[in-house]
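Next up: some structures, all given as structure tokens.
In the two complexes below, chain A is the common chain; its partner is chain B in one and chain C in the other.
Now for the complex of A and B:
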């Protein structure tokens, strides 16, 4: 029998707010952060974090060396520690049992390109040595560990849009192996001109500037940014420090079915297999799923693949299970998206209601979508994160019960 | 602006501004004689950052060994001036 891995806290920053309370309030009010960009000009539509001033949480000292990715992650760490009675005092030596597993798609993409840019334009003698450490993909996780004295495992998981769920799964496994006592696990992704350019040139961004997951007239996604971390620990660790579990990670499934680097597999073999594996590892059948938090992002083929996978697993019952697609409100946050959806699932299980799918207009009628919160009665939530690179992941979360 | 026109005062202000930025202080907190390592907490990577920024600003190339001997803003101004003089003569 596996040890039960519970979630005792969370930290989040996104265009919907900072901290679980603010995020939850905005999400359930039906708000959306998808708006004309302040970072790249009004012609771009993004779900960016506006007026991002991390100093209010991170202080003024030591912030100069942190790039946007590291700042986002550090704010999420700060929120997670504060909300879990784990905050260390500045004189502390750090906790060797406390670590981090961070999922990300690109990491500090802007730091990487600006380092190259300065070398090419100004000459190799003029590159800034302080920028070099930020050009490795695990730099944000490293910077966060330095700042918050996380002395345990520190690992960065790169698996495209599935990174966030992979990171949660890896965290749960490390805990089961006894390699850590408490892990902050989840994902982070910054919005930068390079990712906007790359997604735009690849034809993945919605030309109409709207993000309509499962919408009949959907025409692409809108990029967002942020970070979500869940505080993971074994049931015994939580009990020993009198931390109240919120939910538990019951099951996880992954399957890779790439046929191309940029096209979804619309027959959905991998996506279907990942859901089935997640259910099997949770030891439940599809009829026990109370709600679905989908990673659908408004992609024509991606959302079609997801509907097919859900139909394959849930069959006739699919139209009776409440489902929501948080990316309508927070944008496509890439490596952070799986963790943000897992957080949403946790909130939905606690409230026994899924949040609205923001601005829903022409949703797929075979799915129980709504632009309002939808109540349900259930113990388990399914979270999906499928990428166009063939990385398909699903996770089953369970409302905490003794 | 030609190199000859850069005054010691201008260099001093620029270096102080730079050191302040890198050590996350206000420029007035960086005195001319404050020791880079002991008083301002500048480590080897930060020192190279200052070197690169100064080189870039004045289009000079101060060798790392020479820069390593600099202990404070006063020394830095002197080294920059020397190299600017050299560059001016070479023109």
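Now for the complex of A and C:
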């Protein structure tokens, strides 16, 4: 029950590239994927994956039935398996100890809406039965399991913007209870016309087309898309297959504090409690945190809430801890964002430097944010993922040391 | 690790709300299936469904404005209220950060997608109202329960389609067992929607007249809706507050067929592994299982695969373990189904009665087990298994036991 849960690899696809190496290179160069959209017209600003050609990883076979969300997840699975010395299973047997937990906020919203639209316009007898399976929220995880013969636990979790960190936490718990040997855990979110339109209508998107986490003149978020999966296993499993751990999941905290599903709690009770619980479950104090990877996404109230929560926990030391907000570069990837931030934390721990926070202006904040990479000396990173639906999660990751 | 018990039950179903009405109807073999009323089915080849009729959200939702919640959230909050009342747990005495919610669903709040498309068709995309999107992501269901009862602990939606209820109960069980929470509301909810109805109809999976799981002439499943919430807590806490204990949760198993998105593995590969894992984790043996609550949707392939899986795992004992499908009465309530079935399992353990499979007339040589045909039976089960299978090849089996002081 108390086994250490280590991370031995990762797969990622985002507007900053495919695979950890490409993602890391773009992120640390200060690049940003926030640009006029090719998918939805130039008047929309998004952080989308351009020229997405999944065939180069997934091949052509069976790809027609996969919608964009399943394709994104499959590319991340492909990268994760290749990047962690888990061979792609070509025996066709599959591994009953290998599973996946996918965090998502909307799942395959576009497939769901299109299917309904087709029935509404053409009549229920004309919907394409091949498209029906894609209308369940867990379809990307199910499709990925079929494609990569993942026969172990297959779960999908949704906690809004906290979905990615919840997936990592659930994965760690499943491993501790001995329910699987290796789990690919993280998140996935597609950009689609329904989410772009819906977020736009709800007033959450930046009218100025800029994503400026913690910025003085921040005016909303920019949607992104992608998928990140971390390869989770127990310390013993990693040792048995001579896989080199990269970091470990030390602590997790969650707290719900909504009074409605569409407003941040500026008093930050839940956000604060989640950080405190994550630190307590890692068995460390706030002074041991070397860097913070924040989920801040340019929301006026959300970022204000986050600053308050960090102040509540770190107090005077907050101005001395390096912090970064990767959503400035990768956009608000919703259900994927917690996993992307956890991946960034892992990279930062390995490099002992946080990546730049793109789009930062001078005098924006008293936090230790920078347009450049910031070196630090520390074993632990804190990752935050707070949502306006009341879900607040925090995770403590530790650089691997025996 | 702590032992975990069920101390409260709340159901909102097509055959009745509140566990007493529900249980009475189940044992009497009452069907909740009838002509669909929530949308016009004249352009469909089939017309029956299992809807929750006469549901008055205002009876259950007090801290929020009921019409601001999607129907799945409304059903879920109602089930949560009934479960909390039934448990007699006094929330004022709990650290709210240690009281959480874990729910499952297939479609979340699909009526917002329907509304989106209706508006789009009638008035164009410009007319889509801004307040709709935040109410749609499926995790609003557990969030709305937390808001209604001011719960600040873990809050998770596990949308693993028609096995989701068991997944969610499993997660709640894990949190209590590991001491991460003191009280969990766990279950599932789904609202009746044209989206799955169109899909199942197009696949030819919906029965025309009635649901007849395991019968030779079974024609398919019947889509339904509903919600169930179970109150989970540690045995120690339950004993301390002198709570009624319906059953103990012993363990569960999850697996994936990785075979086909909609069809079960023909040999029941994943189903066998999920049952075996649940039994193993529960530290009981196959010989201890006294009753199986079947997934039993009523489609030809599902019922055959499930029967094959049970026979593969139980061997010669298979035909001696009664296995019934309450979907014969409730229809398939999607993400709520396995949570409602877990409630039925808890009541079977508590009362000694097991519910029947109704509409069972002609045995199928490919389904040769004891399906408890048409009549409830008094068998006093001690250990039961609750099976649930889903699109995506997701399988979940939950093992519950009678709790004797």
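Some observations on this one:
We adopt the following convention: the second predicted complex is superposed on the first by the 396 of 402 C-alpha atoms of A that agree within 3 Å, B and C clash if a C-alpha of one lies under 4 Å from a C-alpha of the other, contacts with A are read in each partner's own complex, and residues count from 1 in each chain.
Keep in mind that, in the parts below, contacts are C-beta pairs under 8 Å (C-beta built on N, C-alpha and C of every residue); 3 or more make two chains touch, one makes a residue touch a chain.
As the structure is a computational prediction, the values presented were derived from the model and not from experiment.
Overlay on chain A: chain B and chain C fit together in the combined arrangement. When the shared chain is aligned, chain B comes close enough to touch A:60, but chain C does not. In the superposition on chain A, A:129 contacts both chain B and chain C. Number of chain A residues touched is higher for C, counting chain B against chain C. Once chain A of one complex is fitted onto chain A of the other, the partner contacts of A:261 are limited to chain C, with no touch recorded for chain B. Aligning the two complexes via chain A yields an angle of 60° at the C-alpha centre of chain A, spanning the centres of chain B and chain C, rounded to a multiple of 10.
For the overlaid pair of complexes, the smallest distance between C-alpha atoms of chain B and those of chain C rounds to 7 Å.
Judged by the document's definition of touching, chain A residues 125, 127-129 lie at the interface with chain B and also at the interface with chain C. Looking at the complex, you find that chain A touches chain C at residues 1, 65, 94, 96, 99, 105-107, 109, 112-113, 115-117, 119-121, 123-125, 127-129, 132-133, 135-139, 141-143, 145-146, 148-160, 163, 166, 170, 173, 176-177, 179, 194-195, 197-199, 201-203, 254-262, 269-270, 273, 277, 388-391.
The touching residues of chain B, counted against chain A in their complex, run 21-22, 24, 45-46, 48-49, 52-53, 55-56, 61. The touching residues of chain A, counted against chain B in their complex, run 60-64, 122, 125-130. Interface residues of chain C, counted against chain A in their complex, comprise 1, 43-45, 64, 97, 100-101, 105-108, 110, 113-114, 116-118, 120-121, 125, 128-140, 143-144, 146-147, 151-161, 167, 171, 174, 178, 194-203, 253-262, 269-270, 273, 277, 281, 390-394.
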